[in-house]
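Sharing a structure with you now.
First chain written, first letter: the chains are A, B and C, and each begins at residue 1.
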């Protein structure tokens, strides 16, 4: 359903992605792990074109665009098939919780306000924030903000939700509430691509785990194959270090 | 509009003739404004009663009334006021009145620049200085002021540029600076109009401002060495 | 002669107050025109629109590097020259004498203030966090929608204190409108002062009127800020989170 072909991306002279091929099936939960600087976040951001790839093709549900010379219209169409949950939540600061969830529906999908409102209220209830719908993001805790971020992504009814280290900016005691909701929507069959350092989450929820390092995919497979019985030395090293000293990216 | 190159050059020369006077007004006013500005900043930081209220009142007046009004108040009003105390300053040079007005005006703005820079350095630096056994004056001289100076530089530069532009009002009390010379230039002109004259004047101010800007940004670079943390 | 002839000063207040509408008209209209153009120029500079960006840089540098009074004179004496140049070429019959002083003032002050507003908006837009636009893209907004619905409302709030200062400067700057022959507060005071040799009184009257205007503006802007910043909440404390 998602197909990335030969994605390359450089920042100045630093080649971050060296020709990545990746497929994601409908309803699959794909977790990307790897050391910082491995290019995993850049890859994720190429899927909805927040990062412009230098080469390669992105295809989501049969709609495919050339990385290098995509038109503005194509980019918009691609983004309207995807949704994203950000590391730093990126909730619209000037909008209430409810408005944050409704915004994309009204502006991008031209949904009627009443309909968007009903849908958004439902989703906010699902992430357990019914009582906060009229608050502004600045009044919420990090965990609550991220749950709004997930509701905002779900509301768009996207083909895939991209999670960019959704828990790494959170205080430890808030990580659980966010992961719980991610598990819930994974079970409901949402297609998800998740960049994370939460190995336990990957083990429990992922259908497939991809290990990236230095801009290439080193190995991929079921959580058991990659996380419990890694074949490559690079993967083993990464996992060993992760067990000893958990990596917190701030 | 059929003016020859030679005429333009003549015009530039005539305007540039008066640039030293403009720069002198700026320099002298800056000097007094800095002294007064530091004093006011100290009064405001230490919050000494009466003095503090007086300073605040002065700042409010200076920042809420046009410079031109202040200039007129000093030039026309001050002699009238002092005459009551039998002090006759009517014979003073106009330049002195201009410098008094510009100094008083600029001091108000500089005092705020200095005060906010001092406060921006922060209590933690002072505490750190105390913790290694420095006295307040030592901490001020060795730790606080050097940092505050770097913080204040960009705003200081902006205020110097403002001051330079402010001096363009001196002609209104009859000082023959760049602006005041316009009539004289036109008196013996060669078909050049007001428009051309003011274009040349604006270019001279523009050039002077760019020079000041360049000097300030060079100073910033020099003084920021070792202050990497602050610049980020 | 008394130090200050209060009676004389008080009697002249109504006459000087006649200048207030001129001051406010110039300041408010220039502010609004400057707002529109300032915003456009800020966007030109942020998105680095070729040619327009370089022109904007030049324009802002000129406005900030020359005294307002010189700009007023350049404009005042430049328009007739421009008309003399255009009329024979296009067969027009534009006459600079038919333009009222107020129009001169409005245009000149708008040109001046737009440059400062452009810089304020550029700073404010850059101060909104990059993630906000990315989030707008991620829910399927176009750049224009993201700017209009998300970025600009936030940037406007960030810009508000500076805009307030700018407006107060504009009010003070109207004291130079005599250069384009507008009779506002200071010009009126000056005439009365010259007639009666009552300089101190008249310039004090003028100061107090300007002062009152500026304080009123300060209060209005502070109220406006309080009203608009409802969504800021604890944002200041948590600014580091994003």
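Quick note on the criterion: contacts are C-beta pairs under 8 Å (C-beta built on N, C-alpha and C of every residue); 3 or more make two chains touch, one makes a residue touch a chain.
Each chain and its UniProt protein: A = Amino acid ABC transporter ATP-binding protein; B = Amino acid ABC transporter permease.
Everything numeric in this text was worked out from a predicted model, so none of it was measured.
Participant: Starting at chain A, figure out the least number of steps needed to reach chain B through touching chains.
Facilitator: Tracing touching chains, the least step count from chain A to chain B comes to 2.
Participant: By mean C-alpha position, what chain is farthest away from chain B?
Facilitator: Max centre-to-centre separation from chain B belongs to A.
Participant: Calculate how many whole Å lie between the centre of chain A and the centre of chain B, each centre taken as the average of the chain's C-alpha atoms.
Facilitator: 54
Participant: Provide the C-alpha centroid distance between chain A and chain C, rounded to the nearest whole angstrom.
Facilitator: 45
Participant: As a quick test, compute the distance in whole Å between the mean CA positions of chain B and chain C.
Facilitator: 22
Participant: Under the definition above, what is the set of chain C residues touching chain B in their complex?
Facilitator: 1, 3, 61-62, 64-71, 73-74, 77-78, 80-81, 84-85, 168, 172-176, 186, 190, 193, 199-200, 203-204, 206-207, 210-211, 214-215
Participant: Chain A touches which residues of chain C in the complex?
Facilitator: Going by the criterion above, the answer is residues 129, 131-132, 134-142, 145, 149-150, 153-154, 157, 230-235, 238, 241-242.
Participant: Applying the document's contact rule, which stretches of chain A touch chain C when the two form their complex?
Facilitator: Those residues of chain A that touch chain C are 48-50, 72, 76, 79-80, 82-84, 86, 88-96, 103-104, 107-109, 135-139, 142, 152-153, 156, 169.
Participant: Residues of chain B touching chain C in their complex?
Facilitator: It is residues 1, 60-61, 63-70, 72-73, 76-77, 80-81, 83-84, 161, 165-166, 168-169, 179, 193-195, 198-199, 201-202, 205-206, 209-210, 213 of chain B that touch chain C.
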